[in-house]
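Both complexes shown next keep subunit A, but they swap its partner, so subunit B is in the first and subunit C is in the second.
Moving on, here comes the complex of A and B:
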């Protein structure tokens, strides 16, 4: 029933996945030559179907004609296909189509060019405006910085003036003696309290 | 001729294209319907085909006609590309007139006619013998 596959096999159906190293196939026919014949077929002699020689001659003639006509038909169809192909590729219609396509292409390219030009103009304007705005902003920033610097300078000058005014009351080496004497002559009393309203109170306990 | 089909098709070593019947999968018992199909020789009968070229309904309809459809343009293309046809497809196309009549169709019809004549003459002889017996 099962045969081992050697080289080629015409009608094989792989029944099982080949787990073993050898490929096993199921071939047409259930029984092998060693299996016994069935009871109903014991005395059977297989005879080929009878052939009428006259009919066979006529049939062979007809087959010859048929095959010749078929061959001719095939070549004809092939030629027709090739001709159609050729017509499509390099026929009169093909030229017109190519021309029309070229026209369309040209028109579209022109349109594209126009669009590009328009966009270019807009872009140039826009870029110019942006540049002007950026310049303005830069100028403003510079002005502001200068102003700030000037204010700083003014403040510094104020401080200097204040210092100069305070410097008049400083104690130097020349004023030292004079100041000491002044301080000793005028004893200052810092013992005072201050009210919530701001009234100074020098005496607390009534004496 | 350059093989005009797409390059995505599988390459079969020594395979060729056939025009044959494939059962259309209607999944109804005792109601077949065939598609006339161009497929590679190695493919399963109902498997993936290259192109459908028509259909054939083997059971006769209400008006006792068996309907067949054929796409002659594409059949021409495939035959020009070198496709073979199976016997039933060749016979069908012969009857349709697209191909020459298949020799077996002619011989089958001759055999059928011979058998019909035999039965007619057989009944005539039988009738004549019956009449002779009656006379005698």
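Moving on, here comes the complex of A and C:
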């Protein structure tokens, strides 16, 4: 069940060996806890092997010394690691580095700030130009509208004048008799044909 | 189909590993505000399209958020771990300029990166034996030309411990 360490000092070694599971492997073996004992092992009483007192004393002393040295070494290495870590985190070099980094960071932030200011100026200029252009366009649109309105007014006036001109040729109650007389006196002939140029080609004779 | 999307090269490992921007440890959050239309946001849009995957690959623990059409002009904002906020105006800039600028103000320099790579190489000594996570090999039996693992092939009798103790005991 246990690994063989040496020839005779198994028991003593078992007492003095470290309690951690480095040396001992407790393996169950083939049988589970519910299996019955084998026939050859039915009446067996396990007796631990006898301990030699002289040997025990010697081994105890030696093991004690050995464990003390090992523990000391381990603790010393651990302390070295911790000291290194501490130095790195909060040592004088670390402070220097931190200061330098802060300095560099400040410089870079200033540079970034300068860039932002420059972009701001450009943007302000651009926005101003766009606003001016928009104003110009608006003025132009207003002017155009006014022009169009004026032209409409002019056209309307022309139509009115034309109408006034035509009004002179209207037939009113006073002109009625006169116009009838005129119409009867001058018979008009609408029976004519024209060619493509608009000249009269044929015409019937009025009767 | 292995090719998905408009520029599937952005999804290749080679492209992602070529990214140059590695942020300093202080940068925790990166925010990009840009517009989907407009000539001035063109650089920002290209930056988001091409460079952000590379940045996220190299800085897996930095949170990157994109906001669209929230402000009239595009900008980047970085939130450092001591509460400081760094604003970078990117209106009208080219995506190359933007990435160079960001790298200059908040990225680790070449020498720092090289020093880190050196330190990492020194820690991982190829001669060490140990768990797979930290070392190349776990046992000498894995090396060609060495004694094979006794779990697979039985050792020759002369090498086993019990034979040797028997011989030693019989000789005494």
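The rule is short, and it goes like this: the second predicted complex is superposed on the first by the 127 of 207 C-alpha atoms of A that agree within 3 Å, B and C clash if a C-alpha of one lies under 4 Å from a C-alpha of the other, contacts with A are read in each partner's own complex, and residues count from 1 in each chain.
FYI, a residue touches a chain if its C-beta (ideal position, glycine included) is under 8 Å from a C-beta of that chain, and two chains touch if they have at least 3 such contacts.
As the structure is a computational prediction, the values presented were derived from the model and not from experiment.
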In the superposition, subunit B vs subunit C on subunit A residues touched: B
Subunit B versus subunit C as contact partner of A:55, first or second or both or neither: first
Which of subunit B and subunit C A:100 touches, first, second, both or neither: neither
First (subunit B), second (subunit C), both or neither touched by A:119: second
Touched partner set for A:69, first subunit B, second subunit C, both or neither: first
Subunit B versus subunit C as contact partner of A:81, first or second or both or neither: first
Contacts on subunit A seen with subunit B and repeated with subunit C across the two complexes: none
Touching residues (chain side subunit B, partner subunit A) in the complex: 1, 76-77, 79-82, 99-100, 102-104, 106-107, 110
Contact set on subunit A toward subunit C in their complex: 4, 7, 108-109, 111-112, 115-116, 119-120, 122-123
Residues of subunit A touching subunit B in the complex: 55, 58-59, 62-63, 65-66, 69-70, 73-74, 77-82
Interfacial residue positions of subunit C with respect to subunit A in the complex: 73, 86-89, 91-92, 101, 104-106, 165, 169
